[in-house]
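Quick heads-up: structures coming right below.
In what comes next, chain A is part of two complexes: it sits with chain B in the first one and with chain C in the second one.
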Partner chain A sequence: MTAVAVAGVGIHPFGRHGELTATAMGAAALRDAMAEASVGRGGFQAAFCATAYGGVAAGHRVLGALGLTGVPIVDVEAGCASGGAALALAAGAIRAGQYDTVLVVGIEKMPKGVIRSSFFPQWMEEGGLAATPAYFALRAQRLLREQDVTVDDLAAVVVKNRAHGVHNPDAMFTSAVTAEQVLGSRVVSPPLHLWMLCSPNEGAAAVVLRRADLAGPGAVRLDAAALRSHLPGSVLDESTPLSGVEDQRITPPTQLAATDAYEAAGLGPGDVDVVECQDTDAARELISWVELGLCPPGGQSAVLASGGASIGGTLPINPSGGLLSKGEPLGASALGQVVELVRQLRGQAGARQVDGARVGLAHTIGRGANASVALLTT
Partner chain B sequence: MSIAAVGVAAPEWRVPVASIDAAWGRSPGRGTLAVCRSDEDPLTLAWAAADRAVAAAGVAPSGIDGMWWGCTRPPFAEGPSWSTLAATLHLAPEADGALLSGSTHAGLDALLAAADAVAAGRVDTALVVTSDALLPATGTGHETSAGAGAAALLLRRDGGPARLVHTAHRWEPRLDRYRGDREPETRETYDGRLFREQAYLPMLGAVGDALLVDATDAGRWSLPDPDGRLARALAKRLRAGTTSAQDVAAADRTRLGDLGSAATLVGAAAALGSPGPLHLLGVGGGRATGCTVIVDAPVPGAERVTADLSGGEEVAYTRVLRSRGVLRPTGESVEMAVPPGSAMFGRGAGEMLGLLAARCVDCGTMNTPPDVHPTCISCGSTKFDVVPLGRTGTVQTFVVNRTMPSPFEAPLPLVVVDLDDGGRIQLQGGDDGAELSIGAPVDLVLRRYAVERGVPVYGWKVLTRRPVAGTDEEVTS
Partner chain C sequence: MTDPAPPLSDGLFRAGPGAADDGTITLVGGRSASGGRLHFPRSPVCPWTGADDVEDADLPRTGRLWAWTTVTAAPPGYSGPVPYGFGVVEFDDADGVLRVVGRLTVADAAALRFGEPMVVVAVELPTERGPVTTWAFAPDGTDRP
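Then we have the complex of A and B:
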């Protein structure tokens, strides 16, 4: 099967950008990625645009702004995993021999405040049952009980990621924080404090994928881009239907996607050098460590205490600062992870460089439920 | 015609009358008032009282073939008030009955209508429910008298421990005690002195005299006491002919406030626990009715009446105003709406109110509510048995939200409950959630989730079960 490489990446900083449109941010990110890949009009055969709030034909607007329409353009929505889904579709098309070069762009401009989602039946919203941070907290409560994780550990995740984010000019928050500050921030939904939650915001990221044999020597390869949804009956994952059987018996979507990705790439968790994983909230990151096979259940506290997940540690996680530093523009966040990992594997990450990184893993989990796992190698 | 069981309910919250007076610079009044949280109303109180009466009687709800509900504030001006209550109680699908309203006389109307239906043989087991909780206009005198509470009786043709033996009526077309919700003007049309002299004392006095003609014992009286003073005057008049008359409702009035159409039965409920004659008087809408009940043996449920009414948590007047929507936060709010597709309007409404589940024939998984699960969430089967779920379970996980967009009020607990009967559901908590913990036993209670465009939306909420002091029982208050 045809191998897939990353020919270029680009990112528009994540944050709040006033009147700037999602289309303009997407065009900026895409222009940078295409410049890196030396791709212009006629140099690609399709484009996928990831967005959850972008509206009808958002991808056409981005490519239209650059005068690049004419190819197939498809919008992809899969909640927080939208970018991972777009990446999986683009990579799959290249592997199948359908296209040589494909543009993938993720854009978002989210409203402020509580994330509202048409995913839920309206009566759940009117009943106050669909409040977003509460879902994270329901999950966090179980984590604290089952895996010896403490509220201090949750604060330590924030401290770690914000320390990484200091060195990321594309992040929304670039100041370091202390555990005392995190625990001193307002309690939103116990055990989660305000600073343990990522900010919904705005931004864009773009990736140009190309057949590896056309990408030139030394290009970062995309060895796997897996996307899975939840198995029936899974209750306390991203989607929470009204009823279900015991969630402990059901493999979560992140683990399904990770298993698929490791298998496709011929790699295992022990091969990974650097990770960008979903830290919508601090507890979600610690759940992801386990589901991705990077840490045994209950082992999170020790890893945090030893600095193993920090830059310079045994397996740095979220060297970009994670969503806790960058914020989460839904459609752009997964591709933002890919941008970070490509720069890490190329040795272009500057002060946040993970030395000798050769295998990178990107992970998202979101409403649906949807989970994506991508493996990049060099 | 006999009384088989009794149940009562009052909100947990108590606001001191003096604290309301203090806010308006008046001299402090006495006693406390039972007031609803924002998710309680006459329907949720009616459910709680009826549920206790049914439990005390030990009958299957499906064997109850009639319900008469008296209430001056039915939640829907025009809508499924009666059937919503029936669904939450799992009454027989062919159940008879009526919703009686229009004045505080509605409580006695319900009792007598149910008694007639049982006596006529139209129904075997009738539920009588009376409940009230009015929303007084801020700053009016009603605010220092309006309480909230409910009482329910289960009636059968014979064999019960108490009997309904006499009734008496009077009427006089008076505009008495008219109170609109949040209505400041109507107090001007009610002249307290005229009501006392021309309606309350003469009509109820005549009804009381009529009951005493046949009574062997002046015994005990449950007297409505709208303003906290009238009943004393009436009792004095009734005592003129006897030496032993005792107003059994007075204590409840002092603690709960004026209960409107529920006042008479709430006041009489505890007295059903001890033998002897008991006279119930009701007034309202230019009518007065009395009836005499002979208690031969303690009525099941009467033993817990005092505990169920003792309540509560003392709350500040400002908290009451907030729950009534008078005090509202400024700033961002999330617009909520009851759309045509809402479960409350759809086929799922009865399933949600009845807490029904579709039990998968193939794998046993409980899918709830059935209507939103055409295939089993676990195995994909389409073969189900629809079964009602019991209202007990344990906490799988929970969170107490410290911030919520308006119209929701923080702290707002959300709880995922593993029901003892097998389903797993997510619900709001019914209090501040301070006692919640993973694995804790909980009970589900009926509450009002929202009022949108004037339409109330009901559902189940979660309360931590806790032991009752001095008993082996555990109850949910």
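Then we have the complex of A and C:
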């Protein structure tokens, strides 16, 4: 099958941008990605736009703002993994020989605070059962109980990611924090404190994918872009059901997607040099390490204590600062991870560069459940 | 005595099994004859297997606390009191365990422990369409309305 390369990337900083529209942010990110790829009107055959809250024809508005409509434009919603889903569709179309060059853009402009979602029926909202951060907290409590993780470890994840984010001008938060500050922030839902939760915000990211044989030597390759949903039965997975069964033998969606991605790329967890993974909350990052095969259950504390997941460590995780630094514009976040990894693999990450990185893994997991895992190589 | 508020949604639970005034209710789930497993709330199709041979099945009266936290700010669409407890209770069934999500009558997370016996009770909540009755998990023997 045809190999796929990343011909260009672009990002609009994640944060709060006043009156600036998601369309304008998407157009800015897409213009940068297209400039890197030397692609203009007529140079691509399709576009996928990832957004969860962007409304009808969001992608048409972004491409329309740049005078680029005429090709098929498809909006993609897959919760937190929307960008990963758009990437998977675009890459699949190139691999299948349908297109040579495809634009992928993710946009979002989220309200502040806890996100209202059409996912829950009205009666669940009325009953106080649509309490998103509380579900995160229940998952965190089980992690602490089952995998020898402590609340101090959760704080250490925040300290690590915020330290990385200091060097990322596209992040929302660019100041370092201490464990004492994290543990001193308000308890939202025990064991989770406010600073252990990412902030829904605004931003955009774009990626131009191209047939590898047309992308020129040295281009970063997208060797896998996998998307999976949940298997039924796990009460605390991101599908947020009201009941579940014993789930020890139910493979979580992240593990399903990772297995697909490793197999497609002919790689394993031991080949990965740098990771961008879902840190919706600090516990989610530590759960993801295990589900991605990067750490044995119960091994997270030792990795954090040794600095192994920090830049300069054995396997840096979230060198961009993660969602805890960048915030989470749902449609843009997965593509923002790809932008980060492409820059890491090109050696363009500046003060947050992971030396010698050749294989990068991007992971998102969220409502649906949807999980995406992409593997990028150079 | 006033009539109880209507249920949050139809088919989630019924009165009893305790005395009429002790607030206990029974959660009504479904059981697939072929799969044999309980689920909640009752679905036309077994969510675990996809089988469509589902019949009503009462959940046990008591379970064990498996996970819990506190909701400190009103989530979207909710106009009841905060803070409130929120958690998962395990119910034993012939073919295994069913874990069910619900609010708790205890908001203070430090006052609860893993495996604590819990019973299902009715609580009334305000909503924009008027008061409704929903289910909640209460420590067995305490906090019974």
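Keep this in mind: the second predicted complex is superposed on the first by the 378 of 378 C-alpha atoms of A that agree within 3 Å, B and C clash if a C-alpha of one lies under 4 Å from a C-alpha of the other, contacts with A are read in each partner's own complex, and residues count from 1 in each chain.
Methods note: a contact is a pair of C-beta atoms (placed from the backbone, for glycine too) under 8 Å apart; a residue touches a chain by one contact, two chains touch by 3 or more.
What you are looking at is a predicted structure, and each value in this text was computed from that prediction instead of being measured.
Because the two structures share chain A, they can be overlaid on it, and in that overlay chain B clashes with chain C.
In the superposition on chain A, contact of A:Val187 is made with both chain B and chain C. Once the two complexes are laid over each other on the shared chain, residue contacts for A:Leu66 go to neither chain B nor chain C. By the touch criterion defined above, A:Leu129 lies against chain B and chain C together after alignment on the C-alpha atoms of chain A.
In the superposition on chain A, contact of A:Arg142 is made with both chain B and chain C. Of the two partner chains, neither chain B nor chain C is touched by A:Val166.
Note: residues 114, 116, 121-123, 125-129, 131, 134, 137-138, 141-142, 145, 186-190, 232-233, 235-236, 241-245 of chain A belong to the chain B contact set and to the chain C contact set alike, using the contact criterion stated above. Against chain B, in their complex, chain A makes its touches with residues 113-114, 116, 121-123, 125-129, 131, 133-134, 137-139, 141-142, 145, 186-190, 232-233, 235-236, 240-245.
Taken in their complex, chain A has these residues touching chain C: 114-117, 120-123, 125-132, 134, 137-138, 141-142, 145, 186-192, 232-233, 235-236, 241-246. Those residues of chain C whose C-beta lies close enough to touch chain A in the complex are 8-9, 29, 37-41, 47-48, 67-80, 84, 86-88, 96-103, 109, 114, 125, 127-129, 132, 134.
Those residues of chain B that touch chain A in the shared complex are 332, 334, 336-339, 341-344, 357, 365-369, 372-373, 376-380, 396-405, 408, 412, 414, 416, 423-428, 438, 449-450, 452, 457, 459.
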